[in-house]
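Structure first, commentary second.
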Amino acid sequence: MTDATANKGVTPRGAKPRRRLSPTNIMLYGTLFVASVYYLLPLYVMIVTSLKGMPEIRLGNVFSPPVEVTFEPWVKAWAEACTGINCDGLSRGFWNSVQILVPSVVISIAIASVNGYALSLWKFKGSEVFFTILIFGAFIPYQVMIYPIVILLREAGDVLSAMTGTKIRLMGSVWGLVIVHTIFGMPILTLLFRNYFASVPEELFKAARVDGAGFWGIYFRIMLPMALPIFVVAMILQVTGIWNDFLFGVIFTKPETYPMTVQLNNIVNSVQGVKEYNVNMAATLLTGLVPLIIYFASGKLFVRGIAAGAVKG
Amino acid sequence: MAVTDSGGTESARTPAKKPNRLFKNLTAKLASVPMILTAIVVFIGCTGWTIYHSFTKSRLLPAPDKWVGLDQYERLWSTRRWLVSIENLAIYGICSLVLSLVIGFTLAALLDRKIRGESVFRTIFLYPFALSFIVTGLVWQWVLNPDFGIQSVVQRWGWESFTFDPLNNADIVIYGILIAGIWQGSGFIMVIMLAGLRGIDEDIWKATRVEGIPVWKTYIVVIIPMMRPVFVTALVLIAAGIIKVYDLVVAQTSGGPGISSEVPAKYVIEKMFQSQNLGQGFAASTMMLVSVLVVLIPWAYLEFGGKRRD
Amino acid sequence: ADLEVTHWWTSGGEAAAVAEFAKALDATGHTWIDGAIAGSGGTARPIIISRIIGGDPMHATQLNHGRQAEELIEAGLLLDITDVAEAQGWKDIINPSSLLDSCTVDGKIYCAPVNIHSWQWIWLSHKAYEDAGVPVPSNWDEYVASAAALEAAGKIPLAMGQQAWQSSGAFGVINVAVGGVELWNKINVEKDAEAAGGAEMAKVFEAAAAARAMAANSNVQDWNQATNLVITGQAGAQIMGDWAQGEFQVAGQVAGEDYTCLPGLGVNEVISTGGDAFYFPKQGDADIEAAQKELAALLVSPEVQVNFNLKKGSLPVRGDIDLSSANDCMKKGLEILAAGNILLSGDQVLSADTSGQIEDLMVEFWNDPSYSAADAQAKYAEIIGDAD
Amino acid sequence: MTNVTVKDLTLEFGAVRVLDKLNLEIEEGEFLVLLGASGCGKSTLLNCIAGLLDITDGEIHIGGRNVTWEEPSERGIGMVFQSYALYPQMTVEGNLSFGLKNAKVPKPEIAERVARAAEILQIEPLLKRKPAALSGGQRQRVAIGRALVRDVDVFLFDEPLSNLDAKLRADLRVELKLLHQRLQNTMIYVTHDQVEAMTLADRIAIMRGGVVQQIASPAEVYNRPSNKYVAGFIGSPTINFFEGDIAEGGVEFATADTKMPLTGYEASQGALSARPAWLGIRPESVITGTDVDTQPFTTEITVELFEAMGADTLVYTTLAGTPFRFRMSGQARVAAGDTLRIGFDPAQGSLFDKTTEERL
Amino acid sequence: MTNVTVKDLTLEFGAVRVLDKLNLEIEEGEFLVLLGASGCGKSTLLNCIAGLLDITDGEIHIGGRNVTWEEPSERGIGMVFQSYALYPQMTVEGNLSFGLKNAKVPKPEIAERVARAAEILQIEPLLKRKPAALSGGQRQRVAIGRALVRDVDVFLFDEPLSNLDAKLRADLRVELKLLHQRLQNTMIYVTHDQVEAMTLADRIAIMRGGVVQQIASPAEVYNRPSNKYVAGFIGSPTINFFEGDIAEGGVEFATADTKMPLTGYEASQGALSARPAWLGIRPESVITGTDVDTQPFTTEITVELFEAMGADTLVYTTLAGTPFRFRMSGQARVAAGDTLRIGFDPAQGSLFDKTTEERL
């Protein structure tokens, strides 16, 4: 209506004139902008703080930009900060985290995708029951499970040792941790994959069976290549989840293999006199870097994958 | 492997006989063994183990023979800290459920209005999800610090009496945690909502425009009801997160000031390991489980029981 | 062999002290693998216990000695080091002997005590009192009287961290100082609920309530941040165990000049003899067991004791060593110890569960000004009544 | 009086020009069908008329009013979508009344209008059901009803029947035709089904690449297609084309080996002159049996393949070097390899210029 | 020799019985079309034959072998799906060779077979492309190729053309017919498009609710439908039914106000006896114009509605109290309200018992 009156006398022709600053647009972008401030503020604070020296922090507020930019805290967080008597910062944890991350992500996704595939295309009696249990499992607090799982892993390790004749320890090895991540990642990932594979046209599955492909043939040759978007989602979720994990990392590893989050906790909680906020923030940013980069790099794929898998069903 | 589902050459020689049910889809069943084990051994077995031991007087080590009946539960429900924890979880849970859905949906709806720079905004809203709760807690502890953070900035701007110090105020500390929790998780909900919105038939939008329905009304009356499955998915994800909230509280307030921001998961952990009273911890975790079931079972019944889908 | 040792000593003074152990062990040809877990025993203990239970234990671990390890010992998960103790004659040298008793189950010794920590101290900042223009008090009552002046000068009278163990520890100190040793023993050792609910104890709670008011503006989390408030003169005092001394030391402050320490709050000069001990989970490997025992012996050896305790600010566990290089505060402690004015520590007399309940109560009490002393006392008596 | 006028309508998606200076005049009460291959811009044009797309250039008038800049809801149009676009969580009644409620029409009037629409469309028993509980045809009827209750002058249909099966499609086609006769509204109807177009339309506009190729009555489009594209597009089975030359004076059409008389051909403008051209002959204009000899052109062919479709039989053969199809009665008995005598009148076909492909 | 035999096939989904003791015999080299309304169990039957569904009861033999419990890939069948079901990430070549690779056929032989199939289907230039880069018709051809390379005896088609547009459908129909003539394989073809059924089939099996209603040649099904359902199902536009009584001796069919002679009616079994019945008359068996008077039954009707579809015109009227449709040539000029004289031979129609609805 406003447009019509505003353009009285002009014969309406061609594209409708759009005012850039229409109330709707102001509302729209205004809201987005305010929301952005809320979401960006902490990141800004982290970056700014990590670039300041301690005296400046004590004087100023968290939002003021650094007067004197220093990379000291970053260096310290990465290579010098002490926990106990080890003063090599986060650097040690980084590779440990990578070593934990890669097998955990690969195995947990591999198992969950096979589960989802079996649950959607090769249903058998009772398969839905197990799936339901799995989904309920997503709600059980991890803490409740730690104790029994510790015992289970110990026993499983003993059983394996007895079977193979060599000493195998699941507790305290990367494999124990991989098992734990696989177990706790399973509910959500399985749901994701199940929904995705359920949306694959059934005829494709039938065609492959007529072509003589079996369970694994169809999985590897047909489904896997098609499921890329959902694999991306699963990968992103697992990478962030496992990278950020503290509880399992600390219980199921040893000092030599502590992941980065444990080092972060140590740096942040080892207060030497005053809290070195700048070092803490630098350490925090460094720890979050891997998942952050993954998100920034694959946000689009993530949204697409979610649309393909999570939302249906 | 004597029998395979696809190779099945052996069964081909005895074609007229119906093969044994058990060996049907054998590969599928074998491939599901990890899932079956997880479901039965871990989720059912461990839960059962935990529930059983909640009736014992287990201290540092599980003591299945020291049966004490409901003692642990009686003590649990007479402990102030547990009651506070439950109350906090309820407040945090309801608020974060509602706010996550509202914020997630609103942002998704805004992004869906064919705006410029959609991917920039989307990334901004989503990135906190990449950060752990520990990091989230730390950063917000810092931002909400009364001496350096928002409060001091506003005061420095000249509004001297401005106070915003949720983390040191027992009455509102849980909302301070909520701010951080929402910050971390709502982006993910937004993405899910966005995906759901993208799945809405374009023609529905056209139909409402032809009928002259205002945009906001279309969202509320038409789009949201159509997105029911998406909301359910989001709800499940949020709820699963809420019940587990622990790291965030530890990193941000350690349950303080006092016990005003305690949560059940923290109670469980501390009773189990710090106070070395496994029985008490198990009783508390059993109660958490029960509350999950109370919410989940009616939902599952409505969702799957009433009408059989696919 | 490589010996992995877990502990939660990560603050400045603590880490320096641990480094002494490591140095000593490395000198023997073994390697100290440091498994520090920051964030106090609360964070570290679940990790330590799950690893021991899970069959993947570290080689040695810090635990507060006392009742925490009882069940692990009963379950046969910890190494018996009686032979080391006998060879080294621990029975004769460990002072007070209660420390060794806490390591003993059924006549066998399972841990090596490394230090004595006592809670009964208040640390006063000279700078703060200077700024406030009042003299440094010499006992609790004077201190309470000076609080108003401190506050007027913009100081926090009492620095308190908000971790639960600090709340309950500070209460214990006030309990001993205000209520006396006898009352304390009655409640904590004999678990006399009546005494806990009695009139004398009511005074203790009143005093704690007063302290609560003085600490109202102290919104730091960690104990050493609170100590730092005292060191920098922002706060007048902190009730904290002797480990706080390490922080003063790292900050280069001198007892008597920059700060004053009053054992037993200057009222009842006793010290509790809690402390840390190292336990050695069973490994099932003879070589490693030998190394573990070597480490046990090393921890109690005179030289290591001196070096460690000087850095840590705690008292050595042996009475036969010369600590002439110790500072004022430590010397005060040593004197009290020598005089036998000692008290068992809370860890030794109460189960972790009861301590946990008291901690819960105290953290609530300290942080909630509306929680009346009487209510808190009633709850306290209830807990003592249920204690086992 | 013209009811809907589209003047020089241009629409671009980014750099792609989907509609190109398109002009269209639709009379009041007319049933206009937009017909064209997939992707030719039919839906786009309809959406522009509805105001659902912002046009790049041009004007749109509805009922004499320039509505170029008006909102869809103010243009006096109702629209029916291919996917029905019913609101799934509302009952049929809710679907029908939603727009009215929103426009603050008084309750009794809403009830009355819904009742009337339901009666017209015979969906009264369904009013309390949700769309999920309706069959495809019922849903389509509700979608039409939603436009109906709004009492608009112009109905826009975007392939409203293409999601339905053949039988239902035929039934609803008849219903739509009757509805139009009853309401006498202006209707603009998009489809790519030519049977729908032929049976429903007062006029058909055939589109190709964003441009209208021909706009005329179904018979005209069928019998006198304005160019080769239209001729090939309309008619099933497809028209047969011969490539050849028109003889001087337009008396004859000559392919490499065959000559066909053109006497009586109605040229579109002026007389026929000698030039290369296409001759299009529809399969159903071929005559067999006893009447063959009445035709100006007769020949003998060999049956290569035949399709018996019940009512008709389609015969495939080669004539003048090109594949040639023609229709016979369903009762005819033929077999591959049979020789048949057929005849037709080339002057009843259409001639197209070889290069411009325009009808001559 | 029978190639595919289905014996007492029963299939239940939970409590729902979708196929009910179904029997079917298909000759070697025969082209059998399964025709029926949506949801009648056509796809289910096909899937059972292919081994993709576990049957509840019964037996399936292919080439004389009982394959009831064999894997799909071992049954010697190839299957083509409605949605093509091409593997999207493989090239055309990969799609064609996937089954062979699974069967461990030697490389050179795979290459040879793929080349042959590609040649037959004329898709050689497409071999390196992925399905996404193909048009609908090309995809369908690849899908057929996938069955072709496997050198199977029996081809199963599940509505292979229904996703294509009308034009392409007609073209591929012809190609399929030629392919069958060339390969002489057994083909079982599911559709609900009757034109496809009529043109392609050697025999048509008409299904309804999991039961076969009639199985016969297209002409037989069209001209002598075994019951009222089949008569109504086959033929477009739909057959007209009159309700009435057969007179004693079967000489006449009488509705409330009209009498039609039945002389010459070929009864299915025995002679016609007096009873209530339906008479079905196909729209295309009605004659207008000069020949009307040669017909046993003539009458005068009023045109109520007509649909001009180019080649034909469909006229709607009322005859003997029931709506009646008939087909005229596309060139006929009629208008609503016109009066026309029409005639037909009721004996060429079909009579159905009033209660059993079986053909008499």
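The first chain written gets the first letter, and so on, giving A, B, C, D and E; residue counts start at 1 in each chain.
Here is the rule we use: a residue touches a chain if its C-beta (ideal position, glycine included) is under 8 Å from a C-beta of that chain, and two chains touch if they have at least 3 such contacts.
Predicted, not measured: the structure shown is a model, and the values here were computed from it.
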Spelling it out: a chain qualifies if it touches subunit A and also touches subunit D; which chains qualify? B, E
Chain located farthest away, centre of subunit D as origin (C-alpha): C
What is the size of the turn, to the nearest 5°, that moves the C-alpha atoms of subunit D onto the matching ones in subunit E? 180
Subunit C and subunit E: spacing of chain centres that average the CA atoms, whole Å: 91
Let me have the rounded angstrom distance from the C-alpha centre of subunit B over to the C-alpha centre of subunit D, please. 55
Taking each chain's centre as the mean position of its Cα atoms, how many Å separate subunit B from subunit C? 39
Tell me, which residues of subunit A touch at least two other chains? 147, 151, 209, 212-213, 217, 265, 268
Would you give the residues of subunit E that are in contact with at least 2 other chains, written as numbers and ranges? 71, 73-74
What are the residues of subunit B that contact at least two other chains? 5-6, 24, 269, 272
Note which residues of subunit A are touching subunit B in the complex, please. 28-29, 31-32, 35-36, 38-43, 45-46, 49, 57, 60-63, 111, 114-115, 118-119, 122, 124-125, 127, 130-145, 147-149, 151-152, 182-183, 186, 188, 190, 198, 209, 212-217, 240, 243-247, 261, 264-265, 268, 277, 280-281, 284, 287-288, 291-292, 294-296, 299-300, 302-303, 306-307, 310-313
Which positions of subunit A touch subunit E when the two form their complex? 201, 203-204, 206-213, 217, 221-222, 225-226
Subunit B-facing residues of subunit D, complex: 47, 50-52, 71-74, 77-79, 81-85, 87-89, 98-99, 102-103, 146, 150
Can you name the residues of subunit C that touch subunit A in the complex? 4, 6-7, 9-12, 15, 18-19, 22, 32-39, 43, 46-47, 50-51, 53-56, 58, 222, 224-225, 228, 231, 247, 250-251
Which stretch or stretches of subunit B touch subunit D in the complex? 201, 203-204, 206-207, 209-214, 217, 221-222, 225-226
